[in-house]
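First chain A sits with chain B, and in the next complex the same chain sits with chain C.
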Partner chain A sequence: MAESPGAPPARTGTSEQQLRRRRRAWSYLALTGLAAFFLFPLVFMFISSLKPDGQLLSDIGSWRAFLPVGDISLDNYSAVFGRVPVGRFLLNSLLVTAAVVVLGLVVNSMAGFALSRLRWRGRGLVTGIVVATLIVPFETIAVPLVYWVAHLPIVFFQDGVPVWDIGWLDSYQVQIIPFVANAFSIFLFRQYFSTIPVSIDEAARIDGAGWFTIYRRIAVPLSGPAFATVAVLTFLPAWNQYLWPAMVVQDEKLRPVMVGMQYFFQDNPAWGEVMAYTSMITLPVLVVFLAFQRAFVSSVAASGVKG
Partner chain B sequence: MWTHSAGNPGELAVHKKIIDDFNGSQSTYKVVQQNFPQGSYNDAVTTAAAARKLPCLLDVDGPAMPNWAWSGYLKPLGLPRSLTDSLLPTAVGRYKGKVYSAGYWDAALAVFARKSVLVKNNIRIPTAERPWSLAEFDAAVVRLKDSGYRTPLDLGAADKGEWWSYAYSPMLQSAGGDEIDRNGMKTAEGALNGPEAVAFFTWFQKAFTNGWATSNGPVGNQKFIDDKVALSYTGVWNAKDALEKVGPDLLILPPVDFGNGPKTGGGSWQWGISAGCGKTQSEGARAYLTFSFQDKYLTRFADNQVVIPATAGATAASKYFGPDGKLRPFAVLSQKFAVPRPATPAYPVISARFEKAAKDIMNGAGVKPALDAAVKAIDSDIKANKGYAH
Partner chain C sequence: MTATLRLDPPADPGHNAPPPGTAIPNAPAVRRRKRPGAARRGEARAGLAMALPAVLLLLAFLIVPVLLGFALSFTNARLVSPEPPRFVGLDNFVRAFTLDPVFFRSALNTFAFAAVVVPLQAGFGLFLALLVNQRIRGVTAFRVIFFIPVVTSIVVVSILWKFMYQPDGLVNSLIDSITFGAWQGTAWLNNPSTALSAIIVLSVWQAVGFHMLIWLSGLQTVPEELYEAARMDGAGVWRQFRDVTWPCLRPTRIFVLVTITIAALGLFVQIDVMTQGGPVDSTTTLVHHAVVTGYRQQQTGYGSALSLIFFVLVLAVSLIQRHLTRDKD
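Here is the complex of A and B:
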């Protein structure tokens, strides 16, 4: 193709490209700065976990706090294992969190589905009540809840024989069951299910599908982002549980990671060990977020809600 | 048995040794230990009390004991009087004339300094017999600031919670005030907001506005170790580290005399028996406690944790607090100047209000209004609980 006699348009195209490139460079620079800003606490935490307490405290207030300089070692990590049964705590937290997330996804999605798709008397009122419970802080019901769970019946096996007892304190189920049903998750599922056209339900009903089949075969497969969002939003508070396990778990073998944090706060906090411990227990949270981040962002964008 | 010692290997090792020895010495009782981290211990106890799931034996922070006794969590210890009389007075918790708790040890506060720094600045080294007067102390701080220390004094104001009452109420008592009128413990009026208290807190505020001290961190004794401050008002728990880092140049000095003699805090973690503990189990708990209060265990506990042993025998045998021990001054200060915090169920409120008032004053609030507000809140709490009479 012959170039038109007007060379200026070509120059305009080039300068536009340059302008676009420059803008992109600036935006990358700004985003890099923003990313660095958000990464600072994590970098500080990890770098500090490698320093002895005296140096850690002396470095605060200068850039040295973010640099692996001075007396660097893994001593804090080995000290953590000497002070806290960290493996056991991590296992407990993983178990409790996984149970709360998985059971929560099943129970809350079903509840959300019932409130969104099923036609029944009082549906609006129940939805209103569920949403209203969001304003009740957990701390206000914690003590009555302790009293209640302390008097719930339980059956366990001792030497293969079922034993009937009273009281859920000091158990895994006391850390899991009260947090399975979650008003915010139910509301989020309800909102998401409401975006699925009703005509799909009707077609499925004509084909003979029951409500559970519609939930399992249609609603669930179409709601991946909602499930991912609820999984992340349930995972974080479950992983970060402190008050409740501090109140109801007396046996060290059943404690989760956040209660373990208090092990380091004696008369003088062992800051290097605190940083090593937090580095270890933050890792699973980062992995979960990175694994779900695309679905999480897409659901937040679609539903307009965030935690 | 519940302890607040999770995460504290030194304490746990001694508890384990005592329990193993006790369980091995007889077959009637068996002590089983459960440990909680200190930060969540009180929550765990109050929750378990609400659910009626407290163990027989539990440790309790000295000043919190009257509230737990009043709340019905604890019952009188019932230990032999010869045993409780052998302990430091501040290691025994009394409420309404009865012993509810007793501990292996006590802590004390002192002023850390470097001998070389005081000598270089021509500042007199005080003794327990002749402590610094307030005027002397002020002059020393001014001289140290002039010598190049940006903030010459670390009062520990970066800390929070119970530290405020534990650390600064002895200063207030030395000045002639108190957290509450100890005659009946029914009001803080006059004690916490009287002229002596106002004078003390005016000085306290001046220490920060003059730049003698700061509320910036870190918590602990690191600023003194790094020689960023010349004087550090801190506790026995920081002494071993200071001794290792500063060496023979370290001075452990008595608290300042604000007019009524130096005072230091007293009353630390002690043992109690829960009110719901049955007769046989209570006997077992008492048998365990009696067994555990042997001098050899108290010495081991004190030397592991670097705290002051509660008996004269254990103190004499301690490598740190014995006659030739390098931390001996703490034992002397504790014996001579320790004042227990008010033994009243209102203490948690008193402590919280004292902290708020002192922090407000440190941050520039009017001294008298801040103290009046604290008094009003404390008196309201006492009134709301009908004087904690029952």
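Here is the complex of A and C:
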């Protein structure tokens, strides 16, 4: 269906041209209709977040549902802040997401480097493990993992004295550490690093560089696209985490945004406030996406190599 | 030791050093020949050290939980219990397959969901990819728009659509105006015969943009010359698609089908946010049932058994994929 401009010469007659013009018109019609289909719920969400509940419900019957008309204000937003500690939830999500992404980039890129460029005993075994764990969906280990982290020891400092306790539930580390190592990220880094010419390593070795220096000074700076792809691929699921924190975090002070929304899951919530809350946690992601769409698109293409 | 570019990962720099005594004029080999053992040991140590954090974390939070889940499936473990888990043999599996009507219902719903979502989402995704693969003005903007729901959290999407599915909500009002009042909607999520379909619609709406991009990258690997040749032979749009595009998309097709199937079998968030499995279990799924029993009712042993059953399903799908992709070679 690729419409290559000028493939059949214009000489073939006006009917050919007309046909193509008509096809193009139909394409635009379909594209516009589909754009409306994908956007209307989100437009509705943002618009609704600005309206008081009474008007919001009465507007649903008409086009006014998609227009910022009538009694427009940010009242729903301030009401949300009054009702739930949204600021705290956002901060928690930001902290957990940043930690998962940054630690993940370091840990997984080092592993990818070791697997692609260094020879060591056990490399084959580790590669096998990484490839095998690619197919384990998180849902299959969620239940035993809760049991497992509930029985893990933890050391913390109380007045400068190390104390140890059992159980990771209700903490930041339980939201971060299980998601740092990621088989797919390791796999992507390994693929990417192996495209860097080994002659560069050789030259650095002659200059007396250690392997860690080669990783840090040569491999990392040359692998910007791989880091961007992995950052995007880990950012979204970390920000959107729901099942896991819903199970392991009961303490309100540690909750991320998605679980914080449970306040609104009751049967007849104040929908204006719900829409304000969902708008607030969606906007940052949309901004990041629109700013870095290239990285998002290439990360999807990269996930296609998994097959 | 030449400076050839080596692109394959097993290329191990410095280990194809010539045997001692071979006169090689360039520096690295000479250098390496001086301390081959030390260099090799250093490299081995560095490799292990750099892989170790990831290996330990994968072991602790992926491999151990998988094995633990397997072991717990044969016990009566509870999340919080003063008594240690006791081995109960196959009791949990017997319970699932014979005594638990909700399990049967959840498996049925999961398969029904997958059976509809897989072809629907794959087909719709391909249709979108074909549309945005045309060289026409503004097509990138449409790709971005179709992808926006993918970056929107499924929790947000679920609660938003729950609002739209209210009896007097946006969906019914749209249906009313499109059909000029000829057709009245229903309380989609409260009706056992429509709840799962309603969830299918929003699931496809949310995820299809992702597969559009996968299809698109597949489409872009199809050589343009093939289309030219087909046009030369007088093939129309449909013939070009059937005889050129479709055969070239085989690897993409397998990948798309498998990823959608695995994701569909894991349906959880939409259910948890929108219906909690109701009304009358018409939307409960395997993963939802496993989480409800294994976590909320704290029956870790039983929940692990259900998770294991789910894992076996996913494994089967992956093996089928591996088989299909291997056929080609």
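Assume the second predicted complex is superposed on the first by the 223 of 307 C-alpha atoms of A that agree within 3 Å, B and C clash if a C-alpha of one lies under 4 Å from a C-alpha of the other, contacts with A are read in each partner's own complex, and residues count from 1 in each chain.
The rule we apply is simple: a residue touches a chain if its C-beta (ideal position, glycine included) is under 8 Å from a C-beta of that chain, and two chains touch if they have at least 3 such contacts.
If you're wondering where the values come from, they're calculated on a predicted model, not measured in any experiment.
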In the overlay, answer first, second, both or neither for which of chain B and chain C A:Q250 touches. first
Output check: A:G54 vs chain B and chain C. Expected answer is one of first, second, both, neither. What do you get? first
Going by the contact rule set out at the top, does A:F38 touch chain B (first), chain C (second), both, or neither? second
Determine, under the contact definition given at the top, whether A:Y147 touches first (chain B), second (chain C), both, or neither. both
Tell me the contact category for A:V84 with respect to chain B and chain C: first, second, both or neither. first
I want to verify the contact counts: of chain B and chain C, which reaches more residues of chain A? C
Given the touch rule stated above, what does A:Y263 touch, chain B (first), chain C (second), both, or neither? first
Once the two structures are fitted together, what part of chain A is touched by chain B and by chain C alike? 57, 60, 143, 146-147, 150, 242-243, 246-247, 264-265, 271
Note which residues of chain B are touching chain A in the complex, please. 2, 6-9, 34-40, 43-44, 47-48, 50-53, 217-222, 225-226, 235, 237-238
Going by the contact rule set out above, which residues of chain A touch chain B in the complex? 53-54, 57-58, 60, 82-84, 143, 146-147, 150-151, 167, 169, 242-243, 246-248, 250-252, 259-260, 262-269, 271
Could you please specify the touching residues of chain C with respect to chain A in the complex? 1, 3-9, 11-15, 27-28, 31, 40, 42-51, 53-58, 61-66, 68-69, 72, 77, 79-80, 128, 130-136, 139, 142-149, 151-157, 159-161, 163-164, 168-170, 173, 205, 209-210, 213-214, 217-219, 222, 224, 227-228, 231, 237, 240-241, 245, 251-252, 254-255, 258, 262, 266, 268-269, 272-273, 287, 290-291, 294-295, 300, 303-304, 306-308, 310-311, 314-315, 318, 321, 325
Interface with chain C, chain A side, in the complex: residues 1-5, 7-8, 23-24, 27-28, 30-31, 34-35, 37-39, 41-42, 44-45, 57, 60-61, 65, 107-108, 110-111, 113-123, 126, 129-130, 133, 135-137, 139-148, 150, 177-181, 183, 186, 190-191, 193-195, 197-199, 201-202, 205-206, 210-212, 215, 236, 239-240, 242-243, 246-247, 258, 261, 264-265, 271, 274-275, 278, 281-282, 285-286, 289-290, 293, 296-297, 300-301, 303-304, 306-307
